[in-house]
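Mind looking over this structure? Questions follow.
Chain IDs A, B and C follow the sequence of writing; residue 1 opens each chain.
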């Protein structure tokens, strides 16, 4: 049995993994779904990227977890890459699921296409508290297009505004790119949250991992809601030795 | 329930949608499969691209259809983009299924690789009536490679010569690219009617749609014959709100 | 019923096709799985690429096989392209399954990314007998990542060192590129033995075939071990008229 720590992406919090964690736990795995600092409804959104990283490090160390399969989704990729720099000795494998693997020195903002960059900057400026809420039409068409409208709406209601500063943090990642922890990339083949091609997830992000294991499944960026059981199965394929 | 207007591609006519329309109708949808001007056996092939567009506009207006999900396959993409410019107020969503989304000012001919361009020009010149018939080996290998040979032959017999002039019409599409009608792209993952990569359907054509919904299914360019029930299901996913 | 000759890739031998050949034979096909010269445990590894080609030509001619569907996997692609130059009159169709289709004048070594080129050269230099053994971590992560660890280990034990000289042989392939034998490309969609993108199998290799039939299946480079029944089915789709 394995120990999984699942790190959610932007607008999400740890509770949203419930339907993915359930089948993993049913198989006997130990599954942790901490909420990243500054995330979730009612959280204080004034956080840095380092705060995000520290909140996951604290969870792993606080629970004295070892041999961890550490998975990051989307923005969560920037977090697990940094967590791996802080506590590599506790990690058995890194799994990036349609996640950012920033090039050395880049921020998340550097890795997204210009139209997203401009949209997010404008939304943050207008927010009053330096956060970004994803507009529903983008959620519905580009994040969760494989859901019926009702599920798209119900899951949208679970989201919360994303702190903007962590998007802008430049991440040297010099230690990350020297680590020899085994790594996997899970790619949902209909994920267009990043537009396929020049700015796409795969192989742009995945190829930065060097020798890595590719696991694919059909589904959108939010297949955790539209097909959680299949995602759980693919997490096992990605996370096993 | 939705109103679907399905616009076929080159060498096809409206009757060939039968096996796709059937399961949609069984779910209660209103499905229209008009034949584009100049298409089908025995039709007068001396038509312009504007004639093609007018024939679909006339069908929609003549039947007073509103809230239409308008789908175009292949060449049909050039038609629905223009129909959308003429009667946007009647359309709820545009769906391009492995269809051309011409760049502003381009003809279909501008969007296909040089070897096709030369082949089609030579066939039109030799035809005597300025039409192009698709050679069987191309149909069998690159359009319907997922069919047994018998089905490939039987469906080939249903095709008819394609008027050549509509391939050459330059389409400004200035209004199309300003429309805010929601749009989807259906991509059959084994479609090599356009060669994958530089000249491929997806993401080359799909990315021109701006914010769009991607739906994929396994199958060839002619999955309407090889897996019509699955295509029908994907049309619903692409066409719903 | 068809006659299939299946040509294995590097580190493999003909016996490893067993689970793929079985369902094909059960359907009544005649299936040959010769071992390429210099391959298999205990074989004399001092062979040239021409020796590899001759061993397959000899098998086909020696058994007086005609109307052959000739399939090559991986390195086997370089072999069947050359076999097709020698005995085109005996071949009904060529099938490349995640196989090399070298550009005219290239060696296999010219078609792989620099990091592989360097790894293989170093391993050959260190081998003492000018062979290359694939390191287990590459096998497990990039060749057979869809297997449980036990199957990855068990199949690794079946492999044998690959003669290095055939990787370096420059192949003019001038006759191959003039042949009009029908051809198919089978692509396993999770195959990262070559890294997706610039150096990938598909469409880089497949597009060199001109008019070709694409058949895809989910799976790794070694789907012959992880899903042999599905591969057999896809071989039939790729090989039929």
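One rule holds in what follows: a contact is a pair of C-beta atoms (placed from the backbone, for glycine too) under 8 Å apart; a residue touches a chain by one contact, two chains touch by 3 or more.
In this text the structure is predicted, and so the values were computed from the model without any measurement.
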- Message: For chain A versus chain C, which are copies of one sequence, does the interface use mostly the same residue numbers on each side, meaning over half shared, or is it different?
- Response: different
- Query: How many degrees of rotation carry the C-alpha atoms of chain B onto those of chain C, rounded to the nearest 5?
  - Reply: 120
- Task: Averaged over CA atoms, how far is the centre of chain A from the centre of chain C? Could you give it in whole Å?
- Result: 37
- Item | Multi-chain contact residues (two or more partners), chain C | 189
- Task: Name, in rising order, each residue of chain A that touches chain C in their complex.
- Result: 182, 184, 189, 202-203, 206-207, 211-216, 237, 240-241
- Task: Note which residues of chain C are touching chain A in the complex, please.
- Result: 137-138, 140-142, 145-146, 148-149, 189-190, 192, 195-197, 200, 218
